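The following pair of complexes shares a single chain, subunit A, combined with subunit B in the former and subunit C in the latter.
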Partner chain A sequence: MKKFRDLSLDDKVFHIAVFTILTIFFIIVLYPCIFVISASFSSGRAVQAGKVVLWPVDFSLEGYKTVFHTKNVWIGFRNSLFYTIVGTLINIVMTITAAYCLSRKDLPGRNGIMLLFTFTMFFNGGLIPSYILVQKLGILNTPFALLLPGAIGVYNLIVARTFLVNTIPSELLEASMIDGCSDIKYFIYVILPLSKSILAVLVLFYGVAHWNAYFNAMIYLHDKNLFPLTLFLREILMSTQIDPGTVQDPEMQARLQDMVAVIKYALIMVSVVPVLVIYPFVQKYFVKGVMIGSVKG
Partner chain B sequence: MTNRTEALPGNNKKLSKRIVARWQLYLLLVLPILYLIVFSYVPMGGLVLAFKKYNAAKGIWGSQWVGLDNFRKFFSSYKSITVIKNTLTISLYSLVISFPIPIIFALLLNAMICDKYRKVIQTVTYIPYFISTVVMVGLVFQVLDSRNGLYGSLYHLMTGMPAANILADGRLFKHIYVWSGVWQTTGYSAIIYIAALTGVDQSLHEAAKIDGANRLQRMMYVDIPAILPTASIMLVLAVGNTMNLGYEKVLLMQNDLNLNYSEVISTYVYKVGLASGITNFSLSTAIGVFNSLVNFVLLTLANWVCKRLNGSGIF
Partner chain C sequence: MCKVSKIAAFGLASVLVLTSLASCGGSKESGASSQSGEKKLRVGLTTSSMVTDYEDNYFTNYLEEKLGFELEFYMLPADAAETRTKVALMATSNEDLPDVLVVDGHLTNEMILEYGSNGFFMELDDITKDAARMPNYNAIPAEDRKLMDKAQTMADGHMYSLSAWEPETWNLTPNRMFINKAWLDKLGLQPPKTTDELKKVLIAMRDGDPNGNGIKDEIGVYGFSGGGYGENTTAALMNSFVFWNGGGVNGGLALDKDGKTVIAPFVSEEWRDGLRYMNDLYKEGVLSANIFTDDYQTFKALLNQDPQVVGVTTAGSLSNWPDVINNANYAEMLFIEPLKGPKGVQYTPYAEFTPTQELMILSSTDKLDMAVKFADQFFDHDTSIIERYGQEGVDWTREPSVLAEHSNAYIAEGLYDKLSLVITSTVWADNQKQTWRNHGPRYAGLEMGNTTYDFSAGKKFDPEDTSQLFGKNYKMYYDKHPQKVLPALKYTMDEAEQIQDQLTTIPDFVKQSLAEFVTGMRDVDKDWDSYLKMLDDMGLKQWIKNAQTAYDRN
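Then we have the complex of A and B:
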């Protein structure tokens, strides 16, 4: 702001307008977030009566207490954690391996293979043929139904390949080959240590996608013990009542009707916090990843 | 594919030698390619179901061939006009609103002189992108609740009267859908434009300054032309996604009261195929095929127009 005084009148007006518009937008984005946080820390009665506007009213943790006493939330949390960790691991291994092979200019047929991958971005079998496939493979209603389909995201593959092509100097390959390094050894000892930043990007993209996914789980799983958190969230968030049977604490059951809203707010917080906790650590990689992607979007 | 000259008979030996030399790479590619075939290309073959009457006992290939019957069935049902109309209405509305807003946002952010404040705004506006669809819809429902939501509370605070239930009004569905999307994705979508803007040659700005251009004029004549190529590619991609409306979100936002306004092709495909009492795999696949075709035509058309106008498209 130091140079603001030196600006011409036109520019002063312009910058004040920019500042105002952005601030309004900033508040529009931030306000609902603060509202949800405040509501989740308020008492059930205050929320139900619509008294919460900005700050918590009758500060209380009863929303969170009820959420943590709900069995399904724990089952969902455990399952989501499992799907996210194992699923992301599969994604990463498959994607970086394929990206490495397809980044090698001396691989005969690499453009053809790349084309096979890219084509699936624009054309796919759609809902029913995919469902029949999962059924025929016998992985319906098993964790594999969530882990295997989508093991490689083509967009992420392109991002990873672009990164490898642009950042790894080809002299490195020549030098390693002269030293008698095989293709697999080169991948493990040279490429992987140099790809930490792209791996971080992939972990973020895939991890968030797994954590947030619900549709595949909804169509492929019937067994409640396998449900990810999002499915239980959907059940609770989309209904106006909460089944008392799912809450284990009898004292809380009695007050449940008063608390429907505050429970929802607390649930929203519980499901968003894991992503937000990791976010600051990977934020710089995230922006970088989107930019790499945009080069060859 | 490899170059033509390398595939000529005289060079065959050389090619095969080069293939053998890279055997380890092919070994590494076995799993990814197997995955690609099984999970992407096998279902593509399953699209033939659109022309058959599915019989679970006989499987896809053994089922009876019925030609275009499934398509006829879809177009003659009263639902078809509603879902096509809803799909087009919602996606065009969405395109008109959520395509330009990130561009404007990026331009303003780029013109911001206070660096620290700019970083704060940027970081905060990315956050909603990480909220899952389920939670996002839950959030919208909660915040817009006419009794205990933000909307209800504020309305009551300002007017002293109870608010009307806007979630029950089907005509408002598209507004809620589109604007909640703007809230969630503007920050994220702007990243690409911000990246393009940081790549603008500063000497252009200096030259414009010497010529007496103020900041607004520099935005109009330096910044906007700089992001135009990026914007046109994003527009082609957005048009190519017209029919693939975010069905996950639409599905969650649907209720009996707004179904007439919220049923779109992709959610209808799901309901006909998997969610209704009498599921019809063939009909659902046929509607899906129709959807993909329209989509593909739109994408090609947008790409062609874009190439004509500024010489670059996505393919």
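Then we have the complex of A and C:
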């Protein structure tokens, strides 16, 4: 890499332009994050009055205190953690095994099976049939309603399959077979260790999706003890939006907003932090894995 | 190798957790199936994020004790749209349903009609009339009960839901107008009583730099038109020319002077005069165009800016000035009557109190008697209080000695003799497990609502306190509307279908055009006819016709 002053004039202009544009984008992306962090450490009144611009105003931990004293938040946190870990595990097992089979050229009817998978990307039963299906399976209002539907994300399956096809030469299979390796052993001892980067990508994709998922939980669950954190978060966010047509007592509702303003941002922080903490560890695989999977596909 | 076994161990552990959780879910289910014998009523209840616990909840326990059977909850989302989705799914799948629904007013009349007429909700006409089955409901004073019956009767003439009747005068006229008294004093002016006086005052404010910072930053009339609780200042000003409810209920339709004909105020000549007036204020630079673009956050921020920049605004809630008692910006404000227009019109946006539809019994229930008993309990006097305010002696009191110590703004204005209830805890603003946050039907007459005092902040009523406006509001605003006002209309499914588009597009178009006329993007004189033509093309006539039919059926 050349030093900046050694560059030609054209390149200098180019670099300056690129850096300026990127800096602007960086600020646009960064500002909302900083705002949420600052607001979560400010007093509710300052947030309501719009006094928080960049840094916390009237520093206060009121929001966090309220959040951590709420039983529902802990229930939600526990459940979200469970759904994320177990759900991701199921996703990974299902996806990588399916992807491996589909990457083997000697699988009979491979294209047909792939077509069936792809078909579901464009067409699905819709809300009501899905609901009835879940109900008939007897998993309505159980954790399985969040774990089993969508156990394979077809997009992720394609990424994983492409990765396996492109990075693991079929000669490896031949070599292993000659050494007396069975299909299962080949999968466990050869394929899995070689696909760490794609596994990391899948973990991130699925994990984040599980952590943020709320719609299925909203539809399929009606027992508060099973609700993920997102449902509780949404409940609190919803109560800040006044729709006087449906609210009996707008005056009371309006006063409630002060209270809600305090906890809203703190709760957002609480729900985002786990993802933020994990992300840097997975991120190094992330770019690599998803690029290998997609570009050559 | 080592890593693989680690993964395997992790997987095994997760499977163990999964199965243990699954078995716990399973045991719950077997519990649910054996309950039909055990007599538990299953209540589909719209949740509130402020309620921390529904099982170990004072109101739940209170109800169970009164009713003599246990309640089991089927949680519905707090958001209206999501509740609607969920109820729709329940109606299609028609299995594993609760016995009753408590929906916090989330279902529209049209939905109740649809689910009622197709038999998902039970018809309640006879049950509500039967004093043996619903003693508390039938004990409601006949006059109010008649209104409740009427509100509960859908367009097909049947009743499928029970409502919450809790009129509070404060909420019916939210467009309370405030003017900056400190500025008036500085400029030596009197509070305006008419629209013309307002204009003079505003111009003086514009030129006189009343906030004394040497900059011409005073913005005169401010508000935000998207506001749902009195923040739309243009609606308040329009009511000095023609009565308009602000566009919410019935999309802004109104009744003619005869009290019989449905009309659209926004096509009248008076409306045009109102537009001219506001356009004039805009041209003088004393009515901010931000009214049409700002949102709630900005509105609140500007109201609280230091130094004060707002001369006139309307707002329903004093919480727009946080910590209102000590708020310096609010201290400058004076609450004034609606302004009189050039033709003597002096109205304020007003919508009749409409009870919300709260409770439905599902036809599929096999515990009808329990469901009816449950529904009726809500209309019991004490239950109605507890539902809203919490536990007696903890959250509120009616101890005569305590009541005698307190007063409220209505009593100070001489509207009532004495209080009936004093609120002693902040249960309404807290995360709590004392109530369901007033979800459910209820009966609380106007007197009951107006004879309470909220002592939760530990501050006794002070007649000098400028934030105690209830009494003033009642005197200055409550009767500022035509004698007969169009009630919230109930359309049949056919009627609703015919005017589906109109119901959303016309109110939006009216609001948008109002902004354009006021800010001069459309000319009140030249573009008025094309505005009328546009409304005609959008099907205004059909809408008014259907509204008339729905009103006549009433």
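Rule of thumb we're sticking to: the second predicted complex is superposed on the first by the 249 of 297 C-alpha atoms of A that agree within 3 Å, B and C clash if a C-alpha of one lies under 4 Å from a C-alpha of the other, contacts with A are read in each partner's own complex, and residues count from 1 in each chain.
Please note the rule applied: contacts are C-beta pairs under 8 Å (C-beta built on N, C-alpha and C of every residue); 3 or more make two chains touch, one makes a residue touch a chain.
Since the structure is predicted, the reported quantities are computational estimates derived from the model, not experimental observations.
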Given the touch rule stated above, what does A:I219 touch, subunit B (first), subunit C (second), both, or neither? both
Of subunit B and subunit C, the chain that contacts the larger number of subunit A residues: B
Contacts for A:I132 in the overlay, against subunit B (first) and subunit C (second): which applies, first, second, both or neither? both
With both complexes overlaid on chain A, does A:V53 touch subunit B (first), subunit C (second), both or neither? first
Is A:P143 contacted by the first partner subunit B, the second partner subunit C, both or neither? second
Touched partner set for A:L116, first subunit B, second subunit C, both or neither: first
If you stack the two complexes on chain A, which partner ends up touching A:R234: first (subunit B), second (subunit C), both, or neither? both
Please work out whether A:L172 is in contact with subunit B alone, subunit C alone, both, or neither, and reply first, second, both or neither. neither
Mind working out whether A:P193 is in touch with subunit B, subunit C, both or neither, as first, second, both or neither? second
Intersection of the subunit A residues that touch subunit B with those that touch subunit C: 48-51, 127-128, 131-132, 219, 234, 238
Residue numbers on subunit B that touch subunit A, as the complex places them: 1-2, 6, 15, 18-19, 22, 24-29, 31-33, 35-36, 38-47, 49, 60, 105, 108-109, 111-114, 120-121, 123-128, 130-135, 137-139, 141-143, 145, 147-150, 152-154, 156-157, 183, 186-188, 191-192, 195-196, 214-216, 230, 233-234, 237, 240, 248, 251-252, 269-270, 273-274, 281, 284-285, 288-289, 292, 296, 299, 314
Residue set of subunit A touching subunit B in the complex reads 1, 3-4, 8, 10-11, 14-15, 18-19, 21-22, 25-26, 28-33, 35-36, 39, 47-53, 94, 97-98, 100-101, 104, 106-109, 111-113, 116-117, 120, 122-133, 137, 148-152, 182-184, 187, 208, 211-215, 219, 230, 233-234, 237-238, 261, 264-265, 267-268, 271-272, 275-276, 279, 283, 286-287, 290-291, 294, 297
Where on subunit C is subunit A touching in the complex? 3-4, 10-11, 14, 17-18, 21-22, 25-26, 28-29, 44, 47-50, 52-54, 73-80, 82, 85-86, 88-89, 92-93, 95-96, 104-106, 164, 166, 168, 170-171, 174, 228-229, 248-249, 297-298, 300-301, 304, 316-317, 319-320, 322-323, 356, 428-431, 438
Contacting residues of subunit A [partner subunit C, same complex]: 45, 48-51, 66, 69-72, 82, 85-86, 89, 93, 127-128, 131-132, 135, 140, 142-144, 147, 188-189, 192-193, 218-219, 221-224, 226-227, 231-232, 234-236, 238-239, 242-252, 254-259
